[in-house]
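This is the structure I have questions about; it appears just below.
Labels A, B and C are assigned to the chains in the order they are written; within every chain, residues are numbered from 1.
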Amino acid sequence: MSSRPLFSVGINFIVGWGAVLLLVFPIIWMLLTSFKTEIDAISPEASLIFQPTLDNYRAVLGRSNYWMFALNSVGISAAATFLALLIGFPAAYSMAFHPTERTKGTLLWLLSTKMMPPVGVLVPIYILFKDMSLIDTHLGLILLFLVANLPIVVWMLYSFFKDIPRDILEAARIDGAGLWEEFRFILLPLSGPAISSTALLSIILCWNEAFWSINLSTTKAATLAAFIATYSAPQGLFWAKLSAAAVLAVAPVLIMGWVGQRHLVRGLTFGAVK
Amino acid sequence: MQELSSEWEQKTGNSINWLVLEENVLRQRVTTDISTNGGQFDIITIGSYEAPIWGKNDWLTPVDDLSADYDYNDIFETVRKGLSVDGKLYALPFYAESSMTYYRKDLFEKAGITMPDQPTYDQIAEYASKVHDPDNQIYGLCLRGKPGSGENIVPIMTSVNTHGGKWFDMNWKPQLDSGPWHKAVTLYVDLLNKYGPPGVTSNGYNETRALFASGKCGMWIDATVAAGYLFDPAESKVASSVGFTSAPIADVPNGAALQWAWALAIPKSSTKADIAKGFIAWATSKEYIRSVGEKKGWIAIPPGTRQSTYDLKEYQDAAPFANFVKTAILSADPTKPSVDPVPYMGITYASIPEYQSIGTEVGQQIAAAVAGQQTVDAALAAGQAFTLRTMEQSGYTKK
Amino acid sequence: MNTATPASQLANSIAAPSADNDRSFRNTYLIAPSVAVLLVWISVPTIMTFWFSFQHYNLVNTAGREFVGLDNYIYFFSSSSLAIAAFNSVLIVVGVVVLTIGIGIGLVLLLDIEFPGSSFARVLAISPFFIMPTVAALIWKNLLLDPVNGLFTTILRAVGLPGVDWFGVFPLMSIITIIAWQWVGFSVLILLTALQSLDRELKEAAAMDGAGSFAIFRFIILPHLARPIGIVVMIETIFLLSVFAEIFVTTSGGPGLASTNLSFLIYVQALLRFDVGLASAGGVISIILANVVAYFLAKAVSRSLEI
């Protein structure tokens, strides 16, 4: 890192943080609202000066079994992501390093599987799941999220692999490395950031998936998206309680993201191999 | 109900898993399951709209054969009729509501108006013009404006009914091109454009309630169930100044106020119907209502279903609106929503499966008129054409 | 269902003479699990949907199902709502893609430079993407854009301007804003990961050779981002064609049809009307339309994809 003048760092600091804070402002506002009373929440005049209260969190946690929803979200997202990486990684490797004339068609076909509008196929899926006794099971949602995210995972990995010079792998192969060694000692170390970004993306997508988790779970396998769905209840919308529930629903994945940031930043060193 | 149900669980040794959902999501979730015979639910919450249709579809277990000590006659007759089809009761009401006019006593006093016991739509328009003060963010009249069969159609239909209109005549011919519809919808659009809050086409029940509670509305005509919130100082800024009176009428009294009940029912696909019956008998009983009052406060008891609720002195003391609500519910008869005889049931809805999409479409057309994208005439003509086509396709009327 | 991709246009530049077993293993069997899983997933519901689309099949009407030929399709094509909804779908996709790429590149350039707390700022910039669509829509609708009690209205009033009825006057634009806000996080995630793999020495060498910031951006950074931008465009297009929750929460598709897209149109048929036949026909139509869009899109971005 070259020594930049101090004021230039200062400008970067101000502009960078300014832009980011503007972007995340709605989230900050939601966090603030979650500590307001319902009356303060609908009076923007009382925007910054208010008596913080934990009542909303107490009400939300008291009403439903938050931890069950959270655990389901974590478990289902993680399992679906792991499986998607497991099947998607070899596929992406194959298409990136050993393309054939079918590769492009296959890639597009993979994406085209995502074009079924979920609202249009609910009934067929529901009937299928019912016949296979998959409704309200963790396995059912894991399978569904797996197929929903697999195309994205393959595409992401594929595009990252395209950045890895092919000669590195070829050199290893000439040295007699088998497929497993190639994966284990060359590709995996090189694609750390790619895998973590892809995993993060997949986890977020699973986490945010609301339509299927609401419609295919009842009480045992319901995720946090279903938890949120209970907070715009028919008897009335409560901004402060909704905000509290939203904070609780988003917090785990935000924390995961923060913990995972080191891996994202590892991309810095990754560039050096090029 | 969820908190108190542990009592029942302890008493009977059965346990309950709860699934709480927002209204639209609940409807889609439950309909999908019950129509594919999914068997995911033993007890479901349904509204007045679903009960007769689903009963007719043979999706629900009749609930008129509960134990002898279950007091059916204590349940208001108009509510019971709304949940029955061909004389069979398919769901037991948990709470019931009608509509009323909420207003701000302080604003009315300042403007020198006394709210009559039974206002007319003309009076409502006049009062709205007097208390309307947009510079200070006070809007004369708030109504639901968000398109939807359960949103803007609700205030529109009560107005159409009392102007002498109806959804269909006895031959299932849609009536949207008739005079009463035209009068009522023109009035609705005018009132909202002149005295309504900005952004009214995205306000549903929830948003409008928040508006009134934050002191931005002079009047609001909507469900009686909102009273519990508006009178609660923890939820509402205007708790001390909110007044109420009957929903306004125009030409005829029929259908001027809505009637709706949320009720518990048992799907045919349930394998535990007997246990489920035990639970809903408990959860809709007199004793349950009393125990809610004792444990959660009398103002919080589920209203509108039983005569015995209104005989409770504690409730009468706690809720100034109690008798008013009872009268409103008793006078709103879902079997006679219009001055003319009609082939359907329901004041703000029509008890046929096709109504959901008709209500959605007509609601969209009228919302577009409120937003100034088209005239009322064009909106009603489009609504009439859609309804006519839907009814023809479904075989109600001949092509 | 399969995307029509003529074999003739495939860029095939592999010098792969050896036809040993190892090679065919690498380029066929490794893909097989992915393809198999998706094939099963996609074919069964698609066939069922296709089958239902020729039937009169209403969940709430138990009178029975009957074969009605093309009735359901005729219904869709005879009403103007299909064209409006298709147009709105495309508008949403284009609007959001342009906004997210534009804002995304700007943000990524700012965040690529080290400054105190920059790694934390990077994660924060991705965070809108962590918010569930329903929640994002509810926050924007109620806390920010509400024309009476929303924060934006309060700010406008503070400077003497009247509140704006965002969802009534600019329904589609408001929805695009909300969706773009969420998906900026996605484009930042992808572009940042890609940019950080760019050789820093390359940039520094160019700077030392006297290349200005713009030249570095134009000739080093932008070409490097070409493929990730292609990926963002493809993936966003696929997801945004079926946007639903944001519309459902805010405008219910209105006023009129102003903010109805194909997904919402199908939702009305499928889950308000419970007409499975019509919804299936709508589903088939939108699968075909989506594939057409994807085909042209793939053509447009294929250069940057270097497939």
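Everything that follows uses one rule, which is that contacts are C-beta pairs under 8 Å (C-beta built on N, C-alpha and C of every residue); 3 or more make two chains touch, one makes a residue touch a chain.
Computed from a predicted structure; not experimentally measured.
**Q** Chain contact graph: line, ring, star, complete or other?
**A** Graph shape here is complete: every pair of chains touches.
**Q** Please state which pair of chains has more C-beta contact pairs than any other pair.
**A** Answer by contact count: the chains A-C.
**Q** So, comparing C-alpha centroids, which chain is the farthest one from chain C?
**A** Greatest centre separation from chain C goes to chain B.
**Q** Measuring centre to centre with CA averages, how many angstrom lie between chain A and chain B?
**A** Distance between chain centres: 39 Å.
**Q** With chain centres defined as C-alpha means, what is the inter-centre distance between chain A and chain C in Å?
**A** Chain centroid spacing, chain A to chain C, equals 15 Å.
**Q** Round to the nearest whole Å and give the separation of the Cα centres of chain B and chain C.
**A** Result: the chain centres lie 38 Å from each other.
**Q** Could you tell me which residues belong to chain C and also touch two or more other chains?
**A** In chain C, the residues touching two or more other chains are 59, 142, 149, 271.
**Q** Check each residue of chain B and list the ones that touch at least two other chains.
**A** Touching at least two other chains: 28, 32, 36, 207, 210, 214.
**Q** Could you pull out the residues of chain A that touch at least 2 other chains?
**A** Chain A, residues with two or more chain partners: 42-43, 122-123, 127, 229, 232, 237, 239.
**Q** Using the touch definition up top, name the residues of chain A that touch chain C in the complex.
**A** 1-2, 9, 12-13, 15-17, 19-21, 23-24, 26-27, 29-30, 33, 42-45, 47, 87-88, 90-91, 93-95, 97-101, 103-125, 127-128, 146-147, 150-152, 154-156, 159-160, 162-163, 179, 193-194, 197, 200-201, 204, 207-208, 210-211, 224-225, 228-229, 232, 237, 239, 242-243, 246, 249-250, 253-254, 257-258, 261, 264-265, 267-268, 270-272, 274
**Q** If we count contacts the way the header does, which residues on chain B are in touch with chain C in the complex?
**A** Listed in rising order, the residues of chain B that touch chain C are 24, 28, 31-32, 35-36, 53, 57-58, 137, 139, 146-149, 151, 197-202, 207, 210-211, 214, 216, 353-354, 356-357, 360, 364-365, 367-368, 370-371, 373-374, 394.
**Q** Could you please specify the touching residues of chain B with respect to chain A in the complex?
**A** Answer in residue numbers: 2, 17-23, 25-26, 28-29, 32-33, 36-41, 205-207, 209-210, 213-214, 225-226, 229, 234-237, 262.
**Q** In the complex formed with chain B, which residues of chain C make contact?
**A** The touching residues are 58-62, 141-142, 146-149, 162-169, 248, 250-258, 268-269, 271-275.
**Q** Name, in rising order, each residue of chain A that touches chain B in their complex.
**A** Within the complex, chain A contacts chain B at residues 37-39, 42-43, 63-64, 122-123, 126-127, 130, 135-136, 214-215, 218-220, 222, 229-230, 232-239.
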